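The two complexes that follow have chain A in common; it is paired with chain B in the first and with chain C in the second.
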Partner chain A sequence: MTAAATTNHKPQTKNPLGWFLSEYLGLGLTVLLFLALAPFTPGLATSNNLLNILGYLLPLLIVAIGMTLVMISGGIDLSVTSIIALTSVVGAKLMTGDAGVPTIVGVLTMLALGAGLGALNGAVITLLRLPAFIVTLASMMFLSGFAIWLTQSKSIYGLPGSFLALGQRLPISLALTVVLALAAHLMLRRTVFGRWLYAIGQNATAAHISGVPVRAISTAAYAASGFCAALASVLLTARLETGSPVLGREILLDIIGATVVGGTSLFGGKGKIAWTFFGVLFLTVLDNALNLLSLSQFSITITKGAVILFAAVLDAVRSRFVVRSS
Partner chain B sequence: MQPATNNQLQTTNNELLSFRGIEKAFFGVKVLKGVSFTVPAGGMVGLVGENGAGKSTLMNILGGDLQPDAGTITLEGSGYAPLNPQDATRRGIAFIHQELNLFPNLSIAENIFLTRFPRAGVTPFIQRGGMNRRAVDLLREVGLEIPPDRLVETLSAGERQLVEIAKALSIDARLILFDEPTTSLSERETDRLFALISRMRARGITMIYISHTLADVFRLCDDIVVLRDGEVVGSGATKTFTTEKLVSMMVGRTVSQLFPERRSLGKRGDEAEAGFATGAPLLEVNGVSQPGVLRDISFTLRRGEVLGLSGLMGAGRSELARILFGLDPRTAGEVRLNGEQLPRLSPRELIERGVAFLTENRRSEGLCLDASVGDNFTLVTLPQHGRTPLRWLAGASLKSAVERIRAVVKLDAKTSDSQPVRTLSGGNQQKVVLGKWLLRQPRVLMLDEPTRGIDVGARFEIYQLIHQLADQGAGVLVISSDMEELMGLCDRILVMCGGTLVDDLPRAQFDRERILRAALGTNQEAAP
Partner chain C sequence: MNRTSRRLLDLAPFLLFVTVLAIFGVQSPKFLESGNLVNIVVQASSTGIVAVGMTFVLLTAGVDLSVGAIMFVAAAVAGKMALAGWPLPIILPVMVAVALMFSACNAFFVTKVRVAAFIVTLATLFIGRGLGLRITETRAMNLPDSFLELGSARWLGVPLPALLFGGVLLVAHLVLTRTPFGRQVFAIGHDVEMAKKAGIRTGRVLAAVYLISGLCAAFAAMVSLGQLGAVSPKFGEQKEFAAIAAAVLGGTSLFGGRGNVFPGTLLGALLIQAIENGLVVVNADPYLYPMITSVVIFISVWLESLRNRTR
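Right after this comes the complex of A and B.
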């Protein structure tokens, strides 16, 4: 959490436990997992499968980036998958039919809607001082129900080709994700907003007394999360060629799990975009490999649960080491 | 009362409790230096002393919250070394605390029987009927006619205290300790409490009564023990004391701290050279009130002035500072800064206008403990380093700001800028909080207990920083429970008692006894 102001300190490179304490542990574990499973897993290391992994990874990473911002501020956003579903059907409704709007208008509307819903979450949480968990749980249920009601539970087809390209042309999705990740990374590390976000997550009272606009910044984090969910919705909707009111329903726990596996703290004040990338990568590769091994969906879920718990334990052990060695 | 070393036979006959040579140190600072005294069975002993004299530590040792470094306690003729509060309860010792320890979300009966609910046989189910019937009996004993299933949150402060006493009676307590029991009570509730205390005395319950309200101590207690700087400096029958004697015993320690020299206001060299008019009103507070907290507070902080705010715990000093900084609400009163009335008080706006506030809770309100030294230093002034439209941080200017302030507050050179603040010593942590505010170059600096838990060396450096700031034309408001500190540091001292300002002393009139009397609220009776 130290940026440009504090660079006269080299991380524990000489520490024998350096590799264990390094923030690249997540990446290392992913590579290890991949190398360990590749010989036994048919088709894991093929370029087709790697592209498949990437395609699945990108929308997940986009949502997880928003989740990282919210979790750094000390909150949580359970409504992301419902925002994905609602923006999917709203965007699809706008862009299809005889009076369909141009793709660019549809996409911008989706993004604005996502950001707006996120901001609403944030405003309710900060102004009414309610727990983020319960507010976003409520909006998850409300928005999800609303999306289904809006479409009468029907999927929407016939999206314009220019829109479908966003999700089906890998270079475009990749570019969008990389730009977002870089922007989020730089914002966290190098702007006043980012530093304030960490400060709020670490000690909201101290931040308030130090003149940090706690409510505005927290609300902005939820708005960013909503925006990210909407962007993921653009990619997913385009990839499936469908505006679906149940889009993304099953990925909520993957998103939270990946963010936590990466090392972002559920208690706030700690987290990095790079960590989240490692977490998403790890969980995606694991999921993919287990699928290729033709394990049942149950055993895959069981394994993922165990891995997330293991990651949490590992993180707790590591932070104890870090405290002791400093 | 007998000194503990007196005739063994005689004292064991009637003593209930005796402390012998109790010592306790925190982080190398001795807060109890061999405390010995006895409490006779059935007696009532008043324990008095200034804030920080060691009363609370002694009581925490008795209650099993802390263990002494040396010394023994004897209870009813046998050794007593409690390791936890349950041990104290088992031996029949109960505490009525300053801050009441009840659970507002539970009923009266549940609070009374919290640690030993009567159960139906071996089942885990609580016998509600039996519990409530017992509670009714206990409540009647303390004079409360309230159904035992009422939630504690619906009770007044006085009623809650009676519930605490009922809880003490429910464990058949033989020794009850009262720690400032009347601070939150109305006059009628206080009378009711005192009546109950005499009934309990008639039943042979022994009591220790800690209070700053000396009149109550004189009225209630048989014996008085005076504690100062962790030592018993006087003890004996109440009738051998007078208020004057008690106060001078409480304050009469010799000056042991060093303070930087303070030239008196207005004689501080060439004002034109300093670039400001020393003594011009800077912060004007007019009639600030908040029911139950503050009543009609008015004062003026001048440029170049170090203004002390003295008073006992609960007098409203911290509350005043918190209200002035917009952290707590107020119902009345206006605040002017440089003659301009402030419409709304909020930390953000006040910081913008150059007001800074170091709170008394360094760890919970001053620092982001897991963040680095550098990040903590720059938290307040961060926007100054990010003035572009995207609020991009200028790394070089941040870094130089951190280096500059490190030197100013003389932060331990062994610490790195990227080290988490959690790993620093208390003194260095406080320097980080102070540095955070000094980087803002405040015009008004409010400091709440700036040297609490800090060693003498770091203290001196903090005092120097306070003087430097004042010499540059800022106004500094210092809240402290350490009277030596205020007298050594300040140009003027205001004294608060019960939410009002009761005295205002310029440096030439500093007088420990006068300040303490004012803080105790005994000014009228003690005045000639």
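Right after this comes the complex of A and C.
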């Protein structure tokens, strides 16, 4: 707790370890990785591939933004990928078929469903005082099982063109992501809500005593995370032209890994949207490069597991180092 | 909260168990036949053994999400060796060694680097799954009959898996209740700082706890191999959830310091298996299994927190 309480200000950069601990680590790592791999990796630095990277990056960034809010409040949300899957199949079910609803209604339903499920997670965690990781683990299993049951594990095709445009026209998805990122950034930096979120993450008891509505704010963070997951689901579902009950299943590690690599602490009280962007950038470029080097899917999974471990170690080292230096 | 409700909460695992038996018994008389009850115990052994290891970890306020992946890697290595013609007496120790290597990794990062246990073991979960898929080349491997024989063997009329489960349970119970190490595990779970001040080498005890969890995962992998006779890419998947659920259902606290393997974890493991077995017996929609399991986990965690708050 003392570690988290003292780490909100910028780490000192005069130390030789400074760069390693600085907030631009994610960005630095990405540049290093890109420069190191570009000569050996055919097609890494082509404009086509960079657009490809961007297309993969946007949904990941959206979910990671929600995860950042939750982590700043000291929690974790393991259910995001299942929320992606469930909103995907529910949205697809609504928008396809003869009685398909208009795209706008479908999208709004998806977003409301995501936010509602997130709020439910948050309410259970705060009202019943249960550990976040076990509650969201249980809801991850439940929602994923529910999505599979709903579709009897079949994918849903035939989505309307106006919906597909949301994920396939890069300017639209880019605009959506930028607006969300800016909103989250401003909310964290400029609003009382943001201050409260950091305060809860640093010391929930102290925040409560100081009059912060801890339960409502924490619940709102999970609701925001569910909303972000649903928005990412809109982009992913539209890009793949499929409502799939296993959508996003493999990106949970990417989301947590990217957030932590960026510098948001697992212990709460510390994090920024910009850091998360750097972390997502790093992981996306890494993934893309490994794919272009035609490594097998297993090796990529192993590498990513190693990356998240590295990120967690970094987080532990960082928080201990900053305590010592302050 | 008054005394009656406190007693009810303490008895919750037992009451749940009886309720589940009653519900499925009414639905289908086949469920309560002695053959099926023995079946439940045998089927519960692999989850139960993992849950015993998990109980040690949970008692220290940690968690080990990598047990299923460890089982998979150990089984994958065993499968490869078996197909290459290695004999069982060599394969089984190798499985233990593989599992211990993995859990030593967990122990290192948790105790030396002091990274949150659930994130370390989440990472090793993915690394283990990737590694296992690589070893098996994502194909199912059918093992020689010697494994299946081991799984269906009986000794003095008791099925071997159940016997191994019983053995693990007995040793774990004695270690936790009768040895200094057991008391140190509880002490660390209660309050690490206090334990440190009392002179307990917390690092060593914590490391041992993750190694025990890995060892149990290796035993569980042996049992599962004996029962399935094959290694599929899904081997051991989500075993960690079942194990946590079993331990917590049995009254072990997620916050550490409170719990027991006997009768707690035993009851928890039997309860989970009874539910799964019951769903099969009454022909429930298989798609419902994960949903029901997650609800059971959730209820167990909730009951546990209620119990926790009454103290």
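Just so it is clear, the second predicted complex is superposed on the first by the 288 of 326 C-alpha atoms of A that agree within 3 Å, B and C clash if a C-alpha of one lies under 4 Å from a C-alpha of the other, contacts with A are read in each partner's own complex, and residues count from 1 in each chain.
The rule is simple: contacts are C-beta pairs under 8 Å (C-beta built on N, C-alpha and C of every residue); 3 or more make two chains touch, one makes a residue touch a chain.
These numbers were taken from a predicted model, which means no experiment stands behind them.
In the superposition on chain A, contact of A:208 is made with chain B only, not with chain C.
Of the two partner chains placed by the overlay, only chain C lies in contact with A:313; chain B stays clear of it. Of the two partner chains placed by the overlay, only chain B lies in contact with A:269; chain C stays clear of it. Judged by the touch definition given at the top, the superposed model places A:302 against chain C, while chain B stays out of reach. When both complexes are overlaid on chain A, the residue A:144 reaches chain C alone and has no touch with chain B.
Residue by residue along chain A, chain B and chain C are tallied for touches, and C comes out ahead.
In the superposition on chain A, A:254 contacts neither chain B nor chain C.
Legend: residue contacts after superposition of the two complexes on their common chain; A:199 is shown touching chain B, with no touch to chain C. In the superposition on the C-alpha atoms of chain A, no part of chain A is touched by chain B in one complex and by chain C in the other. The touching residues of chain A, when paired with chain B in their complex, are 1-9, 190-193, 195-196, 198-199, 202-203, 205-213, 269-270, 323, 326. The part of chain A that touches chain C in the complex is made up of residues 128-131, 133-135, 137-139, 141-142, 144-146, 148-149, 152-153, 253, 256, 260, 266-267, 296-302, 304-306, 308-309, 312-313, 315-317, 320.
Touching chain A in their complex are the following residues of chain B: 325, 327, 347-348, 351-352, 357, 359, 364-375, 378-380, 382-383, 385-386, 390-393, 395-396, 398-399, 401-402, 416-420, 422-423, 436. Contact residues on chain C toward chain A in their complex (touch as defined above): 63, 109, 113-116, 118-120, 122-127, 129-131, 133-134, 138, 238, 241, 244, 254-255, 285, 287-291, 293-295, 297-298, 301-302, 305, 309.
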